[in-house]
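Each of the next two complexes has chain A plus one other chain: chain B in the first, chain C in the second.
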Partner chain A sequence: MRRSLQRLAMVVLLLLAVSMLTFVAMNVLGDPLFNILGPIAGDTENPESIAKIEAAKAQYYLDKPLPERYVRWLGDFVQGDMGVRFASDGQPPVTGLIKERLPRSLVLMGMAQAMALLIAIPWGISSAAGSLGGVDTGPRSWRFLVPFALKATAVTYFAQSLFGSVVGVVMLSWFIALLLAHQFAETVPAARELVDGVNKTMSGFSSALSFGFISMPNFALAVSLYYVFALKQGWFPLRYDASDGFFTRMWQLFLPALTLALPGSAVYQRLLRTDLITTLQEDFILMARAKGVSKRRVLFRHALRPSMFSVITVFGINAGALVGGALVVETFFGIPGIGTAVVEAILREDFPVVLAIVMIVATGFVVLNFLVDLLYSVLDPRVRS
Partner chain B sequence: MSQDVSTGGVIEAIEPEGAQAGIVKKTLGPGFWLAVGWIVLIVLLAVLAPVLPLKDPNANFIDIQGKGRPPYGPSGDHWLGSDQDARDMLSRTIYGARVSLVVGFSAVAFGFTIGGTIGLVSGFVRGMFDKITSFIMLVLLSFPALILAILITSLMERSLLTIALTLGILSVAPVGRLARSASLVFSEREFVLAARTMGAKPSHIMLRELLPNVLIPMSALALLGTAVAIVAEGGLAFLGLSVEKGSTWGKLILTGAQTRQLEEAPWIAFVPITALFLTVMALNFAGDRLREYFDVRELAL
Partner chain C sequence: MNNPDVLLDVSDYSVGFRTERGLAQVVDKVSFQIERGKTLGIVGESGSGKSVLNRSLMGLISSNRQIESGSAFFAGDQLVGRDRQDFWGKRIGMIFQDPMTSLNPVMRIGRQLFEPLKQHLSMNKEQASQRAIELLTQVGIPEPARRLRQYPHELSGGMRQRVMIAIALAGEPELLIADEPTTALDVTVQKYILDLLKDLQTEIGMSVILITHDLGVARGRTDEIMVMYGGRMMELAPSEELFSDMSHPYTEALFSAIPRVDQPKHTRLTPIAGAPPDPVEPPSGCRFSPRCVYAQQDCTINLPEADGPGDHKFACFYPVNTDDGRSARAANIENGQTATGLKIQTAGVS
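For the complex of A and B:
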């Protein structure tokens, strides 16, 4: 408890430092008066401009010293008022803009993280399953057949629509051959060798794939996914439209979220795989296997939970990378979220907006990591002491 | 290996990798050298670009009689096609590598000099200095990196120097954190204690005893960091915030990423994407192999 409080105090101190740094940087490096009024800010001769300058100074407190302005801004900020924008009329106020833009970005990032976990957990488990050893689902059981059929259908459909029907037919015959090889694996040595060889190749392929996802920069991935799935295949809409209905908008967010999710999923998969392999060496797994618990149940129910530590840690850290990714992805797909808002505001030197967004993002990031810290004790009772 | 086959099997079953670790010498593997080869190739191409027999990257090779309106597809004349202004994609990509690589390498060099020094000293000295620098690093780390980068680049003119410097500043905190933790670990070791007892000066211990040891895990981080910096520059360029003059991979991808360009001439985007992807993958892979080779745990995150 005391440790948690200490960390909380640290978080508050950290956020104060972040806000002070951003505030000072923007007021010292930029020229707020110029950003509000434009060229007339430097005009000291025309009485009309002087009056305007005085009015703007009073409205934005620019005549007050920097520390006082900071304290004023901070006081307003913690009460939910993020000030007025540096535009000639200051409309809409920053709080209104954030209220409009933030939910979209949160949905996008939430979708991305959920997708990343949904991809990473089965992927990580299947790539670690080999180290458990032993076979308990016979090739004829539905536990093998149903996932196999699903996989085969999905891959064939993908190959057929991306590379033409010839490749589709080749894929389909390949899967039928593989199924036959599984059927005769116990009696025919050549079939056994084929199945083993395929498994080995697939695990190599899976690690190469995850490495590829990690190395693909998000903007390049965005362009590639957009080209293949939106432009060529037409499976996804080309643009985001804020006036569409709820489900249409969610569908429009699918491809951007996938762009953000794929690199994350590869990172999670690698961590999960390493941790799972370590967990699978432990005695309680051997115990469960000895009792006759099925491989699948051991992996999902016994081994998964204690293997989630690294994934959860990186889940929190990844949220920061996700914000950077959201910036790029929102700009590319034309989603009016806080990512596009901050890019626009920085280009127009609309500092109150930038400051507000930096603060929201930093707060979200440190709070999320604080929560992740608390989550450890939920995952593993041994940490509670 | 005069072992009975069955015993070998049991040992392997108990300790699948540990049993062999003592016998088999760790190697970096052919993949590592392949990755290094690609990096060397790209660096050589970028350095030698002006003397190589390449087409002028900014010249328009419009050929109305022969092929009609640009962009032209890949052909014997333009190996990787041309962009919408009939400029040669191959030479543009190679010239683009110059900026991307310079930014990547110099950002990492800056981050390592500053962050590495701070981390090394604070891990060794500890006390107040360590507390203050650790807090500053924590503050820097709680900014999303790309937002900080566009913040700095938007407030200053966007020259090659400022972009490289910005990304360098961003890499100070992560590098410093690793250098500090490595320095903390090694400061506890016997050889440092021995040096202290023999009356070595702190500066001598840091330079001669700590630095060589800390440099080992850092070498892996340098490769990974270069990849991150190159990607970050690409991201900035993609937002229209990278260097104003000259082409970089990010800028090339941006010009090819417009819907019209993608429909008519996908190679404009995919040539630089492929170059960027392969380079980043090579850097990541080489860094990852080095990390495994030296068995550095804390880099895994």
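For the complex of A and C:
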């Protein structure tokens, strides 16, 4: 508890430092007056211009010294008033803009992180399960048949719709052959070899896929997914429309979120896989096996939790990288979110907006990582004492 | 095999592993039987194959490099060559060497104990927790109800070993394999755990395989003892007979390597010179011949098979306490070395 409080104090200090640094940088690197008024800011001859300059200085407190402006801004900021925008003559105020844009981006990033975990955990477990050895499910049990049928249907469907029905038929007959091979794996050595070979190939395929997701730039992934699932298949809406109903909008965010999620899921999968393989060597896993716990339960109940540390650590760090990704994805899919807002603001040197967004992102990042820190002690009771 | 009292009947059982250097024969043609309610001690130094023998019998080794042959009948069911998962916890229980690492550190004792109860005995939550408390009481854990909510790191090593025993007993197995159950514990705790195992066994009537590297541990707590070396069975005898009528030089060597209370103070212990054999390239002839003070020329050529009068079997051409053995040893002492070139320090042996 005391440690948590200490950490919390550190968080506050850190955020203060970030705000100070950003505030000073924004005020020193440009001339705010120029950003507000445009060219007339430099016109000190014309009395009309001088009057405007004086008015603007008074309105935006530019006549006050920097420390005072910082304190004034900070005071307003913590009360929820983020000041006025320079570019649009203060209308609407920054707070209004953030209120409109932030929820979308939060939902997008939240969805992305949730999807990344939802994809990474089963993926990581299945790619590490081989090191536990032994077959848990015979070819006739539904635990084998259901995922197998799903896989076969999905692959056949894609092959058919992307490459034509001939390829679809080939895929389908391949899966039927594979099913037969599973059926006879116990008795026919050739069938056993085929199944082993396919499993080996699949594990190679799985790591190729994860490296692909990690190395693929966000925009390229966005284009591919958009082309296949929105344009070609027509499963997802083509555009985001802020005036649609809640559930429609959530559905419109699915593909953008998936774009953000896939690289993250690949990173989490690799970390989880490595940690799981280490955990599966532990004595307590052998003990769990020996007391008759099923392979599935060993993986999910015994091995998963002690193997989550790297994943949650990177989960917290990845939240920061996600903001950068959101910028690209929001622009590509036409979602007016915080990523697009910050790009617009930077281009127009609208520094109150930039400042507000930097502060929000920093706060979110730091708070999330604080929670991750608390999560360690939830995952491992030994950390608590 | 036709005897209904025999629970486990193992014959010519071998376990090998394919390695890059070739086949490692870790267990080589071992045969033994265990009757219901009886205890078999398996004794041997590290690397003798005793742990692999048991894990492999149980089907717990999940390596596609493993090669298993021979036969092992458990209550009439052939174990070799089949998936043994339905035996785990339910018919064969197992406890491991290190209680510090064998319990899941992030799971409460209760849940670890409920798992086999729910799975093998189809108990609901309340029945399971009631039975769990009984089990913990049975293995001598104070305040059992409170322990259920604790994590392993909150218990001492001895307590954890008791919990592990409780977990292994939860599924009411017919056979309990205890793989060096006390090696990682303090000597003071060791005795309690061993006595507890003995008591529980008589109470429940299950069979036990007690694996240990310490002959002293097996003495008095087992009905039969099998001595293993280099993956082979060296000697198998009813416990008391093994100690009163030791036949294999390796058994004798093991016995002189442990301190005994009946010896005079400051008696020098006799270490066994050399190291265990390489399973990929074992010595020709008797596996123990390079380290054996009795070794003669034919020991390095022919592999002795375990045989002997009645239920006392041993794999040796020059058994201890026979005229052959005595003269073989005397000849070696006289030469100052054995047929395999092992130097004999006369002072240490005589």
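The definition used in the following text is that the second predicted complex is superposed on the first by the 384 of 385 C-alpha atoms of A that agree within 3 Å, B and C clash if a C-alpha of one lies under 4 Å from a C-alpha of the other, contacts with A are read in each partner's own complex, and residues count from 1 in each chain.
Note that in this section a residue touches a chain if its C-beta (ideal position, glycine included) is under 8 Å from a C-beta of that chain, and two chains touch if they have at least 3 such contacts.
Just so we're clear, the structure is a prediction, and the values are computed from it rather than from any experiment.
Ranked by how many residues of chain A each touches, chain B and chain C are led by B.
In the superposition on chain A, no contact is made by A:Phe370 with either chain B or chain C. Look at A:Trp174: by the touch rule set out above, it reaches neither chain B nor chain C. Contacts of A:Pro306 after superposition: chain C is touched, whereas chain B is not reached. Once the two complexes are laid over each other on the shared chain, residue contacts for A:Phe211 go to chain B alone; chain C is not touched.
Legend: residue contacts after superposition of the two complexes on their common chain; A:Val361 is shown touching chain B, with no touch to chain C. In the overlay built on the shared chain, the residue A:Gly292 is in contact with chain C alone; chain B does not reach it. Within the superposed three-chain model, A:Leu132 lies in touch with chain C and out of touch with chain B [touch as defined at top]. In the complex of the two chains, the chain B residues touching chain A come out as 16, 135, 138-139, 142-147, 150-151, 154-156, 227, 231, 234-235, 238-239, 250, 253, 256-257, 259, 262-263, 266, 269-270, 273, 276-277, 280-281, 284-285, 288, 300-301. Looking at the complex, you find that chain A touches chain B at residues 14-15, 17-18, 21-22, 25-26, 29-30, 131, 211-212, 214-220, 223-224, 226-227, 231, 238, 271, 310, 313-314, 317, 320-321, 323-324, 327-328, 331-332, 342-343, 346-347, 349, 354, 357-358, 361-362, 365-366.
Partner chain C is touched in their complex by these residues of chain A: 132-136, 282-284, 286-294, 297, 301-302, 305-306, 379-382, 385. On chain C, the positions that touch chain A within their shared complex are 58, 60, 62-64, 83, 85, 88-90, 93-94, 96, 98, 101-107, 115-116, 119-120, 151, 153-154, 164, 167-168, 170-171.
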